[in-house]
Amino acid sequence: MKILYFAWLRERLGRAEEEVTLPPGIATVGALMGHLATLSPAHAEALAPGKGVRCAVNLDFAGPDHPVAEGDEVAFFPPVTGG
Amino acid sequence: MKILYFAWLRERLGRAEEEVTLPPGIATVGALMGHLATLSPAHAEALAPGKGVRCAVNLDFAGPDHPVAEGDEVAFFPPVTGG
Amino acid sequence: MPSIRVQEAPFDVAAEMAALTAGRTDIGALASFTGICRVDDGLAAMVLEHYPAMTERALARIAEQAMARWPLTGCTVIHRVGRLTPGEPIVLVLTASAHRQAALEACAFLMDWLKTKAPFWKREEPREGPPRWVEARESDEDAAARWTRTAG
Amino acid sequence: MPSIRVQEAPFDVAAEMAALTAGRTDIGALASFTGICRVDDGLAAMVLEHYPAMTERALARIAEQAMARWPLTGCTVIHRVGRLTPGEPIVLVLTASAHRQAALEACAFLMDWLKTKAPFWKREEPREGPPRWVEARESDEDAAARWTRTAG
């Protein structure tokens, strides 16, 4: 599964994207964030609850209960600040 | 006293302005309208209550109780429709 | 500070925007409204009459109200008079501010008040039949009234 | 029907207005909003990052919402990305309608939703010190939420 990072998440993790194999039992955005947080201390810090990180699954905003599956494009980023 | 008319009032009365001598006792916009209505049948019709005629005294909108005096510029017109 | 004009000539929106923002570094938001003569029911032309001595004074007061109610860096109001054909712009309102809500709200306010508190009258000339004076709409009064109900 | 663009290049407001109204005879109201990079606290530049695959899709959805909620004849949304210096325009929203309230409300709606529902992120580069990511403002969330509370 391709994971994308934007803005300060990209900077803190030192990467714009990474390939992650979805472990069994990980089926929602929230569970995926929990899994990603185990990958490195930088992940744990960037994806910690309270950081206000947002998610999009297949190019649509998605809340923590949104399903994720192998083959999805999942992006994590801070609250948007355009306009 | 100079009286100005605009839009359909001007057309119905066949004049853009006229000089009127303020009779004694006429001291408000409402009283002035009543007086003007006596000048001709066209005045009576154009200035009749219910026509929604508006007034400005010395270039500011003025309600029926607004004072008028010799030397004022008084204008009557329909509700505005610019913009 | 507001720029107020009543004119027969067309206006240049881009030039007016440039003039309003020129030399300023504190503008984050620029809102505009252009009113256009619409082709309704076989309209051939629209004639805009006004009360010359009063018009700029009324527009200036409305603009001052907007400047007092919102933190604008400036605003521009241009209203055309005379004979206009369908598709021609009638009125332009520009508002500039540090923040978008002030600019957008003030722009709506200026149009609502201009529609009800500035001495202009429209006469429509249909392609057939006699000209007719446009009647004031109650919805314009309602729109204007909302700015007196709110703290603004 | 909406015209949506994400680009590094500047935009030409007058040309966009002309394109939106060209060949139409049913437009009585044209509203615009231009967001401009403000000179705050020694800002040298602003860098706008986005999520390219998602951005136009998100903007198109927001514009479709506006078209569904108000009787617009059309709308234009242009958002710039990349490095912008103070005074440069960042975003343009245009809305056209027969009536002014639809154009003005839809313009405000588009900006409020764009601020909260389109994947852009601003990084400020101060004249001195390290760059910093702009933080989302609660007031933007509040502004966006008002459109879900009203029948609109």
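We call the chains A, B, C and D, going by the order they appear; numbering starts again at 1 in every chain.
Note that contacts are C-beta pairs under 8 Å (C-beta built on N, C-alpha and C of every residue); 3 or more make two chains touch, one makes a residue touch a chain.
On a predicted model such as this, the values are computed, not experimentally measured, just so you know.
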**Report entry** Interchain centroid distance [CA atoms averaged], subunit A/subunit D, Å
**Finding:** 26
Report summary line: Expressed in whole Å, how far the mean CA point of subunit A lies from that of subunit B is 72
Query raised in the report: Taking each chain's centre as the mean position of its Cα atoms, how many Å separate subunit B from subunit D?
Result: 48
Query - Overlap residues in subunit D, where contacts from two or more other chains coincide - result: 35, 100, 111
Query raised in the report: Which residues of subunit B are in contact with two or more other chains?
Result: 83
Query raised in the report: Does the chain-touch network form a line, ring, star, complete graph or other?
Result: line
Report task. Chain pairs that touch, all of them, please. Result -> A-D, B-C, C-D
Query raised in the report: For subunit D, which residues are in contact with subunit C within the complex?
Result: 12-14, 17, 21, 25-39, 86-87, 98, 100-101, 103-104, 107-108, 111, 143
Query raised in the report: Touching subunit A in the complex: which residues of subunit D?
Result: 35, 48-51, 53-54, 57-58, 79, 90-91, 111, 114-123, 133-136, 140
Query - Residue ranges of subunit A touching subunit D (in the complex, touch as defined) - result: 4, 6-8, 52, 56, 59-61, 73, 75, 77-83
